[in-house]
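Heads up, the thing below is written out as structure tokens.
Note that the chains are named A, B, C, D, E and F in the order they appear, and that numbering of residues resets to 1 at the start of each chain.
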């Protein structure tokens, strides 16, 4: 499968839709497992993380291969991933859903941010999470994990297909995170999903307003009553959506 | 078992006691499993959620019965539950303790609030949790869950007996939530539990003051030293409790 | 194993290093399981909890031995632990990693604080966590747990060796907690670990500054490029570290 | 959804196909969650269990409703389910995937067998499993569970829709168990699935023979090489399949 | 609590009743957590294991205290437990419900058997389980576990109160295991429980016969129909029970 | 790391030692995580599985890439792994420790056997396990799993480094399975481990005989009493070990 890079406006659109809405758009296409399960923002930012995936895979650590001296190797895959992740990309780490040891710490994540990274996701945990949460770049993990990754995770492969939180991730897939969750949009679908989710978001914003003013959801969400579509058309124009 | 509705002042009393105190009152009566395990406030409110339970039960979703078109059915149990939950009630959802897909999202929960709902509890997760947390109505879940409930939960039954977070819930049981936990008080016990917990709370408030001023807990909590009961009597009068 | 009390300055040094750094120092010595897994600050304090461990062990509760009347016994191990934990010590509780019932509540924890306790850790949960979080003393648990400990935990032994969150804890071991995690430093290693971690922290602070100003981590972290050690020497002098 | 009873020969056909083959036939129709996860034969029988589902649902037990005296009630749902499950049906129990207490014991399961039950499945455990395994009727559970169901499961509803081992089960769905697993076939699909699985089984039996005599699976399984379909046609005739 | 040793005939009676029946007898007395959850016979023996408990407790292993050389210490608690467990007793091990490393292996368990041990139970796993299953002495564990206990379990205490599989175990409690499960009978209750369970077993055997000959369970189990008690009286006489 | 193939006699030696003994030999070298956790023989064979690892890795399945038609692709990694695993090798599959869907079924495993495979291991489950257990080739899994792998596992990579049951596995590592467990021996250590384990096994066999004839383990296991080494020397000669 060759990955077609999404259109530039797609990234921008994806900043303004929720992961929940993206889930539904993918569900319509039969994709039900694209949410990275049980990861959380290290600190909620109120804005979306968006970018293509650059991946790192961990396997269980064999002790003789995972002494502190390994980090002296400039080609150690964890450090190399940090130094080669392209600007604008999200580093996604398969840490085997094991948060007993860290996937990375604040020094590496700060470096990733300085190099222009758009964010970082692990299905394990970060050490120095208390400092990572304060960085400007969004970061998602399961929970804080202070022990070094050497304790039982060996970084083994850069930018291959991985699983993260039970979601399939291929390099170049578009990663979107909001304050609730992270989702993986297959690269070839990103343009149409962004477009569709933007439309859905307009309608959902209209619905929220209606509900807040006392309307029932029956006939409105979804719009089985035609009159709601008419009201929506008026609302769109009035709100420039 | 016919459920006797609790006295009006019971609801009010339950706004001013902690779930921990209610646990102990129920423990005295041999009830040890009434806390909804491992649910948390979407956002802590600093006030209690109180109301009789109105229930919704999910089963695993069979794909042919759970396409997006199902939501066009005005009698879909999830939407119908939202539209029929009586004002002042708490909607309690048995989501099979599975937070990989949502129990509901912000539009439905906003509608529940607008209709006068007293709160909502699921042992799964909410989508749009970041927005649900900002609503005026308390909501409790395990963790955020962005995928639509159709992904693997089918709403199947309204207002029958359910399990929620390993607690038994019968319609009309009184649900109380604070910033720590949610508890289910059997309807026929609610009046006496509210009364007893109010008394216990007075004593506990007295104890906290004593401990904060340096008293030992031995003889004080519980009051095996009679003098503490005398001091408490004085304190009650002084504090109008 | 006789436990040598650490030097007084060791406690002070440990207030200024992260648990992550301590993990690495212990990892160098072959100790990989000293972090108390999956416990969290009841409320983040931004400062370290530090003190020798005083322990309490729970076993599953046999109902006939765990009625409310047990608390009338002044020698009940839970209450006795609170009243005998020496000032400056951290009370560490082996709650069998079961957060379905409480390890303790706000009254006891307030009393522990009043007696001079340095903090408290359980691999279960606290009741009244919403109040414990507001105390001046740090507290760590897995999650809030409103039911009384009698529900299924019997306090059985004071100050013996225990496991807490899969970490081995011996009385007198030095416990350090930051906003991410809690770690157990074997008593006989505390002095040298505190010293080494202080040195490591100086270097890490230097590294963070370098990275924030655009430096690569290759050659810097760890310092395989000698020039970074020279820059660090200058930085130390300038920053009085 | 009205449930159409399957044709009589469907039950017979389903005795001769594996659950694995049935899974694939349902997968083709988009149904991916029909296997009752993590249940096992109490004792392998080497034959298939087949029959329509008759269901029983448990919720967590409230202690005041679950004393031993409850069993004196002739309408207790657990006992009533045993005495009303129609001959030829499989009793499927939603025990909330909790095997810490029994779903039933040998006396009730013997009675079910005597009444003509075709089998029994629980996602919890059986007490007296060592005796249930020796009965002539197939039984599936997660693991042995000696405590009475009263300990923490209250039988609450007979023959409604349930979840069992994360599979959706509607009364009348066709249940098939072999020595590996149990699967739930939606009633309206049973005839076509039985037919298709019988065809698939013929081909798979042919394939096994071919592979055992040294053939590669490439081109054979699935039959992308046309010659294998020709060989299969010859084999069918020779083997009267 | 002083433990009264049970009467000699109690042990013999307990050889002829099931753990399920013992559960119910304890349930009547309010004890609901006495089954050692999720342990299984290494190999089913078709006879009961019965004896007073002698306990061993493990905590997580600190690596510097758990090198192979530890086993050279004649007082290492694991080996000492094996060599001091009194004949007729059951060695019960609290392995923290962690079966990733062994609680013991075939050499130690053979030695325990040679010294007259009545059996062994761990909530972890045995190494050399394939050989332990062939010994004459009953053994129960969660699953086979080949790594040495040093890997992450340190034997720390002999014959104190422990938890095993979430059951409370005090030294001298009576342990009974059948092919399904293991249960812990508090020492002071053993005589009356053995007596009562023997009576219950007689009735259950009668019931099974009745059910096998076509009787309904309603009115029979429990015997709400008086005529069943009359038939039972006849049956007892005829069967010398 | 280049993998040195082990000496031919190493494979033979490894047929006669237990996984438990191999664990201890690796533990001496600081390797503590080489056992594939929680996998079991589909059917115990009473002989060891031994061979170099050939690996297959699964990631979560994206639905659009995992329709039944995928199996028509002769290069589908699952089928290709079966057809390219060299004779004498053990196929080890990283199925993400998820046994809800199959890693492979009897047709593929029969083919692997026919091609000369030495065995197969998955940390998921096999479909048609009831038939795989009857094959001549050893197979290990977590539990039976009837749904096709397409349901939620996509075979993505052949013969790279993987994790299997939390053990690190590099192609060419030596895999040994007995009736209890499976272990991964790093290729470069296989010769010395096989040699050492053979020596250890001789001593353990001697110890078992001693213990069976009534000897204490103190001084014998390990042999801190010199006289036991002398007795062992005699025994070796007598038994030609």
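The rule is simple: a contact is a pair of C-beta atoms (placed from the backbone, for glycine too) under 8 Å apart; a residue touches a chain by one contact, two chains touch by 3 or more.
Source: prediction; values computed, not measured.
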By that same contact rule, can you tell me which chains touch subunit C and subunit D alike?
B, E
Given that subunit A is a copy of subunit F, what angle of rotation, in degrees and a multiple of 5, matches their CA positions?
180
From the centre of subunit A, which chain's CA centre is farthest?
E
What chain is the most remote from subunit C, judged by the mean position of CA atoms in each chain?
D
Shared numbers divided by all numbers used: is that above or below half for subunit D and subunit F, i.e. same or different?
different
From the mean C-alpha coordinate of subunit C to that of subunit E, what's the distance rounded to whole Å?
37
For subunit A and subunit B, let me know how many angstrom lie between their CA-based centres, rounded off.
32
Please compute the C-alpha centroid of subunit C, do the same for subunit F, then give the distance between them in whole Å.
39
Residues of subunit D touching at least two other chains
32, 152
Set of all touching chain pairs, with the criterion as stated earlier
A-B, A-C, A-F, B-C, B-D, C-E, D-E, D-F, E-F
Residue set of subunit B touching subunit D in the complex reads 1, 29-34, 59-65, 96, 152, 154, 156-157, 160-163, 166-169, 186
Enumerate the contact residues on subunit F facing subunit D in the complex.
68, 71-72, 74, 79, 82-83, 99-100, 102, 105-108, 110-111, 114, 127-130, 143-148, 150-152
Which subunit B residues qualify as touching subunit C in the complex?
18-20, 22-24, 27-28, 32, 35, 37-38, 40, 44, 178-181, 183, 204, 207-208, 211-212, 214, 216-219, 221-222, 224
